[in-house]
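Got some structures for you, see below.
Okay, so chain A shows up in both of these, paired with chain B first and chain C after.
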Partner chain A sequence: MNRALRAALAAGATAAVGCFVWSSWLPNSQYAPVEISFAVVGLSFMVAGIAAWQRWPASRLGLLFTIIGYLWNPAFSGCNASCPANVLLIGNGSRSAWNTLGTIAALVGLVITGIVLTLIVRHWRSARGWSRRAMIPLLWIAPAVGAENILTGSLFHFPALVTYALLPLLLLAGPVLFVISTVRARTAGGALGTAIVDLEPGASPGRLRDALARALGDSTLQLAFQQPGGAGHLDTLGQAVDRSVAPIAGSGGTVLVYDEGLELEPQLVKLTAAAASMALEHTRLQAEVQAQLEQVRASRARLVEAGDAERRRLERDLHDGAQQRLVTLSLALGMARDRAAGADPELEALIDSAGKEAREALTELRELARGIHPAVLTETGLTGAVQALVERSPVAATITAVPDERFPAAIEATAYFVVSEALANVAKHAMADGAQVTIRRRRPGRLVVEVSDDGAGGARPEGSGLRGLADRVASVGGVLRVDSPPGGGTRLEADIPCP
Partner chain B sequence: MQSSAAILIVDDHDGFRAFARVMLEADGFTVTEAATGAEATEAARTVRPGLVLLDIGLPDFDGFEVARRLAGQAGGPVIVLTSTREASDYGARITSSPAAGFLPKDQLSGAALRRFLARAPTGEGRT
Partner chain C sequence: MSVTAGPAEPKARLRVVIAEDTVLLREGLRRVLTDAGLDVAGTAADADQLLKLVQALSPDVVLTDIRMPPTQTTEGLQAALEIRRRWPGTAVIVVSQHVETEHLFELLAGDPRGIGYVLKERVADIAQFTAAIHRVAAGESVIDPQVVSRLVARPRRNSPLETLTERELAVLALMAEGRSNQAIALQLYMSPKTVETHVGNLFGKLGLLPAAQDHRRVLAVLTYLRR
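Right after this comes the complex of A and B.
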């Protein structure tokens, strides 16, 4: 709508309103209240039409409402007798002129009704979603205008209550629906923001589409992706898109495919595309963070596995190297002592002493190797390894359950170190009479290691020992829980994912 | 001809085998050596030793597997598992194997082996 037309329409509307106010000014007016209500109907069409035309320039609805409003007021805002005039300055004439005018208005109204109905039928066939809903005022106003012309246009005569009371109310629905449409468009903008805020982090493009579709009330809304080579877009089902599209910034060629009715709301489409862009960017960033987190987790798991492998290698090296040599040395010293026996008591005692030193060195080396990596874990899995820990525990410990199956090395090592560290803590700090070890599959995919004692409790999870153990459990994706109320014993539970 | 004085030492450590041979031959045993599980099963078939001193850690099969194969032979030898580690490092695998027992390497002696032979049921480890 250009500026001159807008000015002309505004001037016409202002004149009509002024005329109406002047005409209905009580000291001058000879209007009945029902006639005032008819004038209000006409003015409402005029104002709503101009506003709609301004808001939705591409729509014919605003134009039609404006025309109806301008035709209405000349016909029905007249004073019949003494007041100045209606907008076209007709209507102060004789009764026959007034009747003629009424008949003409009725015929014009019928023509408008015909035009509107034709437009409705044509558009309704092709429209969907927003387009159809945008036509609701049309649906209402077309029969209403027709009915009005029939009822008041001098073609028929109906009771005054129907003609002057019910009909204005019926006709007011058209402009009111326009207002509702406007409010709905604004509400959609607000709902859009809410939908984006409520969208869970990292939501898939499918969920984003659903949220946008709900917010806009456009069930046909789709996300589509640019075809390789830039030749059009494909929707999520791989079908070529032939509807209205709006590019989503920073999405690598993704577009919004929306109902053509939304073209009446270009700002809303832009807002939707911007919201989609932000949501997709958020999803992308979320995915990036998730991927980086996964990389860190995998890296930590690899570091722990590499550490375990290195410990196994070190234990094997000690076993194959230093321990073998000490064994041979110990045996040789034993043989030398036997041969020296009786011949040289001093030499015999010296060799015996050397043999003892060699055996003690061997014992210490075995303990060292076991601390580096328990061979029994490699040899027998958790069953034998936990049994060995329980047997060596200074505090009486019992095994409630241990699965008789092998798990991945990292899982076995983690479970073993949990039991080992827990039993060591029981011996050092708990002042307990006994401890219990339970390892079982709590549900598919989880291995739960539990060590409890009847000691003094009060263990601090933030202490370096338990914190290190928690890190170890976390390295395989598990969680360590410590329940240690003062005086109530300690219960340590590692919940570890396992195949 | 199976003899209680014939010992088969199975160990991949040359130094240990050599020293054990000296020690056991000094104690009156006849010693044969094998460095792998495959060699052990072959030597047991040809030499028919009365006792096999079997290291658990071997390069091809572990000692438990070799013990299972040797035990399958008719009138099989007394099998004594050995290692530089302790018996507890192998949990129940030792008691559930067909071996007569476990002897830590640093406690090897002719007397210790004779005790295993003496405990062996009649027909096992003897002609």
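Right after this comes the complex of A and C.
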């Protein structure tokens, strides 16, 4: 309905312009400059009115602006001089008719002006925040329209210069101010966008509310949530909401609760709701990704721990099973050898070599078991296990510090793995003379494992060995740093959170 | 073997208690040691049983595995330390699967006299094993040669060890195994005098105090090698 009316008014305005242009191009057109300026004023009011209507559909302000525009159009109000045509088709000769018409127009103008002023003031009072600030220029229209009525009305008479030079300027101020107001509104709308963009990812609904409230200038803005069972909404404090609400799409019944002053700005409320929807969706996705990441992290830690447990079990099985049997076998062979001694030298030699084989097998098995899981780590913690690594390192290695305390198994295993891999890398790639191992508690809650060498440097952190090490460190929530300038030695540092 | 009854006889036979949780090995050891002329006074399958046996039997030597039930970690080691604390005169040989030295140092930290640390496969060399039991019973320290050789062979940087002669290194290794000068002289076919000279020289080179040349020298040497 409003839309149809707006379209009709716009069509009327276009027709008026057409009529005016057409008549002013007629050969004997005698439009005075003042009439042309009046036409421009009228037209700008019409355009501004239609635009205002579009912006504040709930307000009659736009319609009244448009009507004022029509009244100003010479093609409608007729000519005081000798223009060839006017829409009312009143002849130029009919002087009294023009005078009556002028008085009526002035009176109607006064009434409309009064209504416009009332509306502007009412609108301004009910508006909130930026919407209200954006309306300030409109308030200036009020004195302008008042002046117009006083100056041109048939009720008073002023010198022509005042009437015809000052008036159009004064009146043009209306539409110009309206344009300023609209630009300011746009800027305020932009502020809303900026507020949403500036909102850091994963901000809580509370932060979102604050940002939206700031952008809208409505400190009473609230986010409220659908009550279970669908009966109304509760705000974040659990209070029932009895104000204007706008649903936020895709938020599972969350609504924006805003000051009724903003009802004049449905576009803006819609925009805000959309922005809130985006931000909430963003937060929700962020939380979802975070939760998934946490799950992955936990499952990775579980996998590593399960692997460690399995290795411990394997090592124990080897120790309790195969190793013990081999020891028993060696013992039996030793006894057999002693029995055969002297009696049968050939048999003795045979048993001797069998015993040697068994011992070799034992040594190999011991190394295998140690590689699977170092029992000394479980038994003595990092102190003994790191000492063992340093003792068997093919490159001269020394210990600077190792804390003499026990840590959770996963952390000990990770620290051990770092030292073990690092020393193996030093031996394989670094061409180093020596390496140093330092394990320290740094700050409360961090264990720092550092292995450095004086070798060739140039280790690539993305190499598969260091990659695996970084993964292992990450499985307990730590980070691995590699500092390996070419020719400057390599420094490996694992920073592990620990209780 | 002829056994003559007499008051000196029980003194001559060393009384041994064995703690080992694997039945087969425990029984094998009992047999081997009995055959070697030792008196196996009792056997235990875990640390608690071992402590009770030691209290009841006052053996000369205790032979214990490190890993035993219930946790299969260091029960034997803890029992050995407790035995040394409560019955200091009892010699203890700890049988270990580890070439790692952590447990060894825990064990030697007190008084190293009458302490043995041997790798499990050593039991197969019955003569050597029996000799080790006699040595600890006589108050010597016995450290498995394999454990020592690993320590001696470690790569080092700017270490005075690099300045030792081959002979001196051999003497050093035997000292680390807990050998006396007498035994070193026998093993390296040297005169005890030569051994003394070597020991003096290498102590000088390594900067070890001559005071460490008493019963604690094994610990001093091992600590040096482990550094």
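As a convention for this text, the second predicted complex is superposed on the first by the 314 of 499 C-alpha atoms of A that agree within 3 Å, B and C clash if a C-alpha of one lies under 4 Å from a C-alpha of the other, contacts with A are read in each partner's own complex, and residues count from 1 in each chain.
One rule holds for everything that comes next: a residue touches a chain if its C-beta (ideal position, glycine included) is under 8 Å from a C-beta of that chain, and two chains touch if they have at least 3 such contacts.
Here the structure is a predicted model, which means the values were calculated and not measured.
Trainee: Label the relationship between chain B and chain C on chain A in the superposed model as either fit or clash.
Mentor: Superposition check on chain A flags a clash between chain B and chain C.
Trainee: Can A:E462 be said to touch chain B (first), chain C (second), both, or neither?
Mentor: Touch status of A:E462: no partner.
Trainee: Check whether A:E346 is in contact with chain B, with chain C, with both or with neither, and answer first, second, both or neither.
Mentor: Neither chain B nor chain C is touched by A:E346.
Trainee: Should A:L333 be classified as contacting the first partner (chain B), the second (chain C), both, or neither?
Mentor: second
Trainee: Using the superposition on chain A described above, determine whether A:Q324 touches chain B (first), chain C (second), both, or neither.
Mentor: In the superposition, A:Q324 contacts both chain B and chain C.
Trainee: Now for A:P394: first (chain B), second (chain C), both, or neither, which partner does it touch?
Mentor: second
Trainee: Have a look and say if chain B or chain C is in touch with more residues of chain A.
Mentor: Touching more residues of chain A than the other partner does is C.
Trainee: Taking the superposition on A as described, I'd like to know which of chain B and chain C A:G434 touches: first, second, both or neither.
Mentor: In the superposition, A:G434 touches chain C alone.
Trainee: For A:D404, is the partner it touches chain B (first), chain C (second), both, or none of the two (neither)?
Mentor: In the superposed model, A:D404 contacts neither chain B nor chain C.
Trainee: Check whether A:T383 is in contact with chain B, with chain C, with both or with neither, and answer first, second, both or neither.
Mentor: Both chain B and chain C are touched by A:T383.
Trainee: Does any part of chain A touch chain B in one structure and chain C in the other, and if so which residues?
Mentor: Touching chain B and chain C on chain A: residues 319-320, 323-328, 330-332, 334-335, 359, 362, 366, 369, 374-376, 379-380, 383-385, 387-388, 391-392.
Trainee: So in the complex, the part of chain C that touches chain A is made up of which residues?
Mentor: 22, 24-25, 28-29, 31-32, 35, 67, 72-74, 97-103, 120-121, 123-127, 150-151, 154-157, 226-227
Trainee: Given the complex with chain B, which residues does chain A contribute to the contact?
Mentor: Where chain A meets chain B, its residues are 319-320, 323-328, 330-332, 334-335, 359, 362, 366, 369-370, 374-376, 379-380, 383-385, 387-388, 391-392.
Trainee: What part of chain B is in contact with chain A in the complex they form?
Mentor: Result: residues 13, 15-16, 19-20, 22-23, 26, 57, 84-86, 88-93, 105-106, 108-109 of chain B touch chain A.
Trainee: For a test of understanding, state which residues of chain A touch chain C in their complex under the given definition.
Mentor: Going through chain A, the ones touching chain C are 316, 319-320, 323-328, 330-335, 338, 355, 358-359, 362-363, 366, 369, 374-376, 378-380, 383-385, 387-388, 391-396, 398, 433-434.
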